[in-house]
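What follows is a structure written as structure tokens; I'll ask about it next.
Note that the chains are named A, B, C and D in the order they appear, and that numbering of residues resets to 1 at the start of each chain.
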């Protein structure tokens, strides 16, 4: 699996296609088959009590594998989430960003599969795990 | 499975504990073992292109089964999401609310399981299906 | 969704392509979009203690949606399981067959999704639920 | 997470409680939080065409995390599978054993979660991934 974007190119591309995500997510590291992304946790990502909400974790897991797929397929590629699974295992720490470590398990012609561990920054035990599947439509000519 | 809340009591309770959700979600129908909830789709629930986002669908599925569990367990109960799965099957229709039809498949002493079909209002084919599992901690004395 | 097989044709086709399954599974009812199949529970499907094993439940869920997909696509179709999820909710009853009620939620050009409830015969509460996704390869010419 | 069994003790315990599994599964390596197990692929694990069947992969994934949980909890412990998810990504190689690399992501008081990669022996790319959740009932006095 070879990358067609480096981390700054990927970040620029994501800002281009998802301008509304700016400030929420950033690319920490990118390598063939793996990525680390950060959710800059803010008020709108929290539930009462101050922990990161399920929808915010969903968004981070989804954008991480989506970005990882695009980093291998490039600018014209499309990828549509078809399946997602989550295990929520520990309460995120109040006041800490969330980091996603994602790896690409399959990058086929029509399906891509990645899995993700989510961590509160600075903690060793994951708060959640997730798997995401994307359907890759054929390129339009 | 007997209800301890009716629909207006459940709605009042949800507004009480999740005031920030007001305006986003409402209870359409409630019966023993099943609920229909509405996501009042607004700008912040949309992706570029105008369809409802994955995190918004996650939020609707999660709040629907959570509300359904509380409608059977009552005011003191706690329920923590431990597992979620999703199949995203069709693109939601632009400009339509999303409806969740959830049913409770198990309400045990420590675990509850519900599944959900999500529909764009007025359409017959579901846009997504989901399953949610909740851990029910023992009551504090 | 229109059927291209009726129940006896489907049963004959399954015996033709999976002769080793004969005696294990049978088609109880078939309608557009839904099927009921039976696992004739025998010694090899049991765990110690006498309840139906997880792998046997997997096999019943998988064959049910697979058969349902083929009943709509016909004899030349291929379908490969790409994703499966299970919630095991109750212990199957000793000495009873297992029935799967499956419905087709999506039958697309490249992906099919079905969900399944599994019951011990004669009981009202499901022992398990499952979702199965199949990739449908393009027809060979 | 500390082990209470070493690999030979775990193997002996599994043979003791699941004598019918003898010859099918073996413990390759065991360490705190991780295990590698082997499915000795035989005729009964195959589908037509000669690849390992879905139910056989389910059995290997399930027994791997189950064994890993018991290796940390010891002889009196109980663990019941409550949730399983699978992504089947590549066709297993004909004529090769299947290896499961499982890791324990959570070992709580009432729930344990592990994930698994399945490989055809000697191949680098996984044939499948899985997650398993177990409910751990309180000890009987």
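By our rule, a contact is a pair of C-beta atoms (placed from the backbone, for glycine too) under 8 Å apart; a residue touches a chain by one contact, two chains touch by 3 or more.
These numbers come from a predicted model, not from an experiment.
Novice: So using the touch definition from the top, which pair is joined by more C-beta contacts, B-C or B-D?
Specialist: Higher contact count goes to B-C.
Novice: Compare the CA centroid of chain A with every other chain's and tell me the farthest one.
Specialist: C
Novice: Where the centres are mean C-alpha positions, what is the separation of chain A from chain B, in Å?
Specialist: 24
Novice: Give, as an integer number of Å, the spacing between the C-alpha centres of chain D and chain B.
Specialist: Taking the average C-alpha coordinate of chain B and of chain D, the gap between them is 34 Å.
Novice: If you average the CA atoms of chain B and of chain C, how many Å lie between those two points?
Specialist: 28
Novice: Would you please write down the residue numbers of chain C that are in contact with two or more other chains?
Specialist: Residues 82-83, 85, 87, 89, 133.
Novice: How about chain D: which of its residues touch chain C in the complex?
Specialist: Touching chain C from chain D are residues 17-18, 20, 48, 53-56, 58-59, 62, 80-89.
Novice: Okay, in this complex, where on chain B does chain D touch?
Specialist: Counting only chain B, the residues touching chain D are 82-83, 85, 110-111, 133, 135.
Novice: Residues of chain B touching chain C in their complex?
Specialist: 83, 85, 87, 89-90, 105-106, 108, 113, 115, 117, 125-126, 129, 131, 133
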